[in-house]
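Have a look at the structure that comes next, please.
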Amino acid sequence: MIDHILTLLIFFPALAAMLGFVVTKDSMRAYGIAVAFIEFVLSLWLWYAYDPMISGMQFMESMPLIPAFGINYLLGVDGISLFIIILSTFFTLIGIASLTETRRLKDLIITLLFLEMTMVGVFAALDAIVFYVFWELSLVPMLYIIGAWGGPLRIYASIKFFLYTFTGSLVMLVGMLFMAYFYYQATGQWSFSILEWYRLILPENFQLWLFAAFFLGFAIKVPMFPFHTWLPYAHGQAPTIGSVILAAILLKMGTYAFVRFSLPLFPDASVFFMFPIAIIAIIMIIYTAMVAYAQEDIKQVVAYSSVSHMGVIILGTFALNVEGVSGSVFLMLAHGVVSGALFLLVGVIYDRRHTKMMSEFGGLASVMPRYATIFGIMMMASVGLPLTINFVGEFLCLLGFYKQSHMLTLTAGVAIIVGAIYMLSAYKKMFFGAVTNEKNKNLKDLNRTEYLGLIPLVIVAIWLGVYPKPVLEPINNSVESVIQLMHDKAQSPEAKARIPDLSGKNEIIPMQEAH
Amino acid sequence: MELYLYIALFAPLVGSLYASLFGGSPKSQHVGIVASGLLFTSFVSSALLLSYVMGGHTVHVELMTWMETGDLYIPFGFVVDQVSVVMMMVVTIVSTVVHIYSIGYMDHDKGFNRFFSWLSAFVFSMMVLVMSDNFAGLFIGWEGVGLCSWGLIGFWYQKESATWAANEAFIMNRIADLGMLIGIFLIYWNTGSLQYDVVFSEIGNLPLVVTTWIGIFLFIGAMGKSAQFPLHTWLADAMEGPTPVSALIHAATMVTAGVYLVVRANPIYDLIPNVGIFIASLGAFVALFAASMALVNRDMKRIIAYSTLSQLGYMFVAAGLGAYWVALFHLMAHAFFKALLFLGAGNVMHAMHDELDPFKMGGLRKVMKGTFIMMTLASVALAGIYPFAGFFSKDLILEVGFVEHHYVIYTVLLLTAGLTAFYSFRLVALIFHGEERYKLFGIHPHEAYKFMLVAMSPLLLLAIIAGSFKMTYYQLVTSLLPDTQYHVHGEMTYWIMTIGTQLFVIAAIVFAYKKYSNWNSVPDGSSKLENSFGYKLLSNQYYIPKFYEEVFSKPYLELSRIAWKQFDLKIVDATVDSIANAIYKTGENTRDIQNGNLSTMLRWMVIGLVVLVSLALAFTVGYNAVGA
Amino acid sequence: MEITLTHYLVLSTILFAIGLIGVMRRKNLLMLFFATEILLNATNIAFAAISYYIGDLSGQMFAFFIIAIAASEVAIGLGLLIVWYKRTGKIDLDQMNSMRG
Amino acid sequence: MLEPINVSLASLNLATLAPMLIAIVGALAILVIDMVKGGLHKSLYVMISLLFLLLDLGALVDFAGVFLKNGTVLGFFDVMLMDGIAILSQIIIVVGSMLFIPLALTSKRFHEYNYPEYFALFLFMIAGFQFMVATDNLILIFVGLETASLALYTLIALHNRSKSFEAAVKYFTMGALAAGFYAFGSMILYAISGSVEINQIATVLAEDHYSNIGYVLVSMAFMIAAFGFKLSMVPFHTWTPDVYEGSSAALAGYMSIVPKIAAFVVAMRLFEFLVHSGVVWLQVILYIGVVVTMTASNIWALVQTDVKRMLAYSSISHAGFVMAAILIGTTQANTGLFLYWALFSFTNLGAFTMLWVNRQKNLLPGQSSDHPYEKFSGMIKTMPMGAVMMALFMLSLAGIPPFGLFWGKMYMIGSAVSAGYTVLALIMALNSAIAGYYYLKLIVFMFMKEPMVGYEKFYFMNASLSLKTIIGIAAVGTIFAVFAVNPLLEVITLFVYNSGY
């Protein structure tokens, strides 16, 4: 069973979802929780069985799918993907457990379980096409969740979300096909296996074009400025569960893909584009933080804050050294936990008041002190306070990029200031001051269900902030091998210099020689 | 000894967690008692460690790994050496006193338990800050105290001004923290480590320019925490918090973290004396600058806060000039008498129902004898009258300035000393002497609880006698810090200087007493003095907060709005939508091609054919032309 | 003047053009069918002529097939036309636009 | 003058005619049965048609075996050409027909199915298409084309609504014009090469080094116009939406698949040798045609209010997409063409069958077409299974993996990339994105809007077991396409490659 644990992880929720059609409406919630829990336990088992000392892929599975075109059902996890998978199962569990939605709950839970399949699939796939399949497929359940359970503009938001990301990923698909074609030219065989592609050294000008093609797909997903405008709509209209999953997991697909594809496949292009992308990342960080500050809707604040944080992740990724990339992978998890929690928290107040406008609130700290406390903890985590999960990631990202550029890091570091500004002012507007709005006077504090969702997140946010080692160590080992691979493959002297040389060598086929 | 270290470190955390367990429930006396008890435990452990360290040992432990990736290795490591143990003593003494005091002070507050939770958490963060053996750990404490400061300034969160001040403090500190963070990055990428011992042994090998930048960035961090100009405005506003908080955080401990950082990083600053001069100059400037604002202020706590700011300036002068042990000594002495002063002010506030304007008080010495004595003595100490603590530490700084031939700095500091004496006793005189103006407002003042006064007494004692520890202290810390001696050449000069300073200060005190001890009215802003330019300038803090408001806060908000409404929605998003709309509109506009009329359809086919044929012919003609 | 293949081809082309113009201009369905017949028969002339000039029979075969197909087309076309006329009473093209867009 | 014709029966190789003859015999059999005893139920004729098609398929499979062993089979004065693509396309034609013919077994009564002639015509049409693909003789192509078309016009008209007559007349008239184009184009080719066999024309032209390039191009202009009509390339596409709207959904679905694959095969035969000979003009025209067809029809599909009409435009777009294969002309691309079409037929079968299932006798109140989007509003709440199925087909059409059409799209784009047509590949990809919108629109209506009051009863009005079965087959084919892709690819590549394409 351990040999096929990834397949099990991917398809168990889907299978359960199909069986779920049989379950009656009243029991659906319990069923959903049970399935998500089993899935979560399975993913924990994956972690338990994972050997952190091995930097390469583990639990590999391979099955020919379309061998004539080099497409295989190829799965595997390394330190980079392992924790995002666990995060996915964790958040599905949390999301279902803390669901307050009552409209057509059964459909929602089935959709969520399908979504879980696609999420785990994306992070476990090692074949570009299989990756692409799950990547695209994840749009569908999300489309439905936003479009069916969302706010008044839900249809606009969902279609925008879908088409925007769809467009980007189609360009990415062209890139993938190109990559496969290059591989075919170099070796005479079709292959979409990422691991096989890793062995290929492309001429720099090809790298640039391919990088750009992949970039569009990833950048829209992340979303990077100026492709980010679908996100506020999606978050603004999505139901709580949709926002939680979107922010916690789906956005990570983009940043994960940068680490999985762009960096090791195109080391020279990564170096070439490092500064332009860093500048985009800085724009994301500062500009969206400013936009977040101007928001009147608390959910939009969190939504824009996501973009801002994703900027830090991108910056860390393109630090192209172990510190930065490890940091960015860690920050993916951290941001998942924190933004997921923040969206859950926004959902809590939305359930009570059916509004998200900050002007409607004020003084909630005295009415709902426990809520205010947890919100405060998560806000501080979002701001990146040391000993919370976000700090580790942000610190490493900035630290890593500092090696590449002092000035840009200094500018990007403004993140910690502007982040504090919008978060604190939003918190102040919502929780501080006197209770002026009559409707807020008798609000109930958190209930059991909500605790169930939030407490684990608080624990994780602090636990991994204080003791990130169990997670950081496997990440570090895998990232080291990625960086080493990049260094070995890099051709231009600048790239060789920018990407640090670690020890150990991987086998590589230079494309020119294979011709 | 490791056990004591952990007890000293974690006892406050336990207290905080214990208090937070009851955070939501109404006041429980035991929370205060337990928290104070744990703080006392921490103090005892610190004291034991002190005696151990005085024996010439240090304790260095590594609790566990924090971050490890690539070449980066950051443990939770703690060190108790001669410097940190001094800080630990200061922190634990003052915080124990403040904790006990707070049991009385927060007696009637709904957030009693929450208060203790925050307060103990602060002490824990402060302990992490001073005990950490690396820069990252220092940064944890650094941000931790910032967080607790935020929570405590905004403790009365119903008050708009309090929450505003809390956010201001946090954000301003964050600005400085960015500098610190950059300093840490520089250190890491140049020395490969963040451990003090590694860094300090490597630092000499770095190019001077790098060291200079490291020094500058670290100092930017220190400027924020220690509220040095231009990041000083938050400190006065932070007085919105409960007074024990002001005593502990914004007088005795947190604000001195910047000084501690410079002292701790002395091997770095030793290499870059130019930066040191800058630090000293800035310190001197702030000393005078803050003192001047204190002169006319009508808010008791703000006056003390400015005085704190001014004294921090003194410390930076010492630190900047390389007299690290002097800076640390003043830090210690200042912590005692300033905390005492604040706690006294707290008593007054309680008595006056949170009235802060000293002009509305007067004659309180009759009802609040204990507080009167304590505040007077604390002010004496602050003014630096022999043999109180302030004399030993502050005069030393003056001497340092003199000996190092920085006469401008010396003069400024001397002048400031006079001003300090003046405003301190202006305050004392207005509060405790003169007519009982509070009667106009129908207030019936009363003395604080006895145990609060008892709790304050250790501070009083220390404010009086701390100077006598000078030699012991000196021997202790100079085993770690550079052993710099400051002896004014010629005994005569020394005596003239010392006595001259004393006389100058006493004169200022007398002048203040003369002017204010018989005050009998509440100024209403109509007097000539109050309308003079200088007065207005000072009472508006040189218009700096207003300047910040107009130049940074408002434009930032405005810019943010523009970024959102004009740029994000109207340009970025509209571009995306317009592409989609353009495609859709094209469809709308061209769908009439399909008008359902068979004739049109046939014509389209014929047109298509004709176009194809003409293209074929055109191509042929062109092909033949090229071919021929 | 000897009549060469070119003449036939030119004739064929002219006829084809007439047919095309008819197809474009005619609004009467019946006339339209005539126009398409002209098109096909224009081609027939050319096929027969080419076949003759190059001495290959397949052109003539092609012409025969075209004739046969044209005949069946007319059968179908007229059938449709009659039904249409029965239903609407008109054979005007401009009336035929219930579907559009 | 003429030599006495002396032909041995064996050299005729009449077996090559077997598949078509089976279909024709089937048609005749239906007519005979009707003559013997009238008024039999349509299910009988459906089954008879199916049986004959099965035999037809059997014959084709047999040919497939022969082809793999001995290569291309010629017959009947070398007019019949049973090469790989002929066999492949016939299999697609026959299988497609077999899947569509059971759609006649609706629960509601429709006029056309009461006539046995309907089924006879259907089989004649299939025979016509089979002739069309199984030859490279321009005459036989013409005959096959017209046989099929004339039958098709009639089938459309048999639907017996004023719209279907209008559709038939439009289709017929334009078809006649296209036939004229075809004839004229063939004439020019005949004039310059003296042959009506495509491979001979190619040989002659090559030996001649294309000295008559002008005539070749003009003839190609006519041919493009003629096949542009069949393949509904812009601007020869105008019949498509009207005809789809006018005919029954079942027939519209059929038209979107089978006639086009026949036309594709002829287009491959006709154009690819020129593309390979480096006739730049043709490449440019095809490039423009492909891009314009894909894009314009996509854009028009965006603004449709009727689902069937939208699907009509979408079919045009898909056809344009696949036309790219002829432009690219590599084996990979041609393989992609067949793969795409095989997968497309399953998906479109499902989509049109879903429309067919939801067909009611009369127009909905306040609506002017049979399948307005509003009709599907909130379907998830009233007919969850139906909505999920429809969504599945829409997603497949949009190219969302892992559903059927994605693999076709991927392979086509891949072949464009491999042949160096990067920009084309990007345009193809972006067009898929535009197309996403209108497919999504239906999903939005079904899943995110509230049901229209009183519309529930129209769902599945026309459903019967056989229709549901067809939907099931289509769904399975669409969902599990990934497992079929590899065998399909291997077989198709083998056939296409061995036919020299």
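Descriptive notes on the structure:
When the chains are written out, they are named A, B, C and D in that same order, and each has its own residue count from 1.
To be clear about the criterion, a contact is a pair of C-beta atoms (placed from the backbone, for glycine too) under 8 Å apart; a residue touches a chain by one contact, two chains touch by 3 or more.
Please read these numbers as outputs of a predicted model, since none were measured by experiment.
Here B-D and B-C are compared, and the pair linked by more C-beta contacts is B-D.
Averaged C-alpha coordinates give centres for chain B and chain D that are 77 Å from one another. Measuring from the averaged C-alpha position of chain B to that of chain C gives a distance of 95 Å. Centres computed as Cα averages put chain C at a distance of 26 Å from chain D.
For the pair chain A and chain C, the distance between C-alpha centroids works out to 65 Å. Touching two or more other chains at once are residues 580, 591, 594, 596, 598, 602, 606, 609 of chain B.
Under the contact definition stated at the top, the residues of chain C that touch 2 or more other chains are 23, 32, 96, 98-101.
Residue positions of chain A touching 2 or more other chains, listed in rising order: 163.
By the definition of touch given earlier, these chain pairs are in contact: A-B, A-D, B-C, B-D, C-D.
Residues of chain B touching chain A in their complex: 23-24, 64-72, 136, 139-140, 143-144, 147, 150, 154, 157-158, 160, 163-164, 167, 170-171, 174-175, 177-178, 181-182, 184-186, 188-189, 556-557, 559-561, 563-565, 568, 572-573, 575-576, 580. By the touch rule above, chain C contacts chain D in their complex via residues 9, 12, 16, 19, 23, 29, 32-33, 36, 39-40, 42-44, 46-47, 50, 54, 56, 58-59, 61-62, 65-66, 69, 72-73, 76-77, 79-81, 83-84, 87-88, 96, 98-101.
Those residues of chain C that touch chain B in the complex are listed here as 20, 23-24, 26-27, 32, 93-94, 96-101. Those residues of chain D that touch chain C in the shared complex are 138-139, 142-143, 146, 150, 153-154, 157, 162-163, 165-170, 172-173, 176-177, 179-180, 183-184, 186-187, 190-191, 194-196, 241-242, 245-246, 303-305, 309. Residues of chain B that touch chain D in their complex: 580, 583-584, 586-588, 590-591, 593-594, 596, 598, 600-602, 604-609, 612-613, 615-617, 619-620, 623-624.
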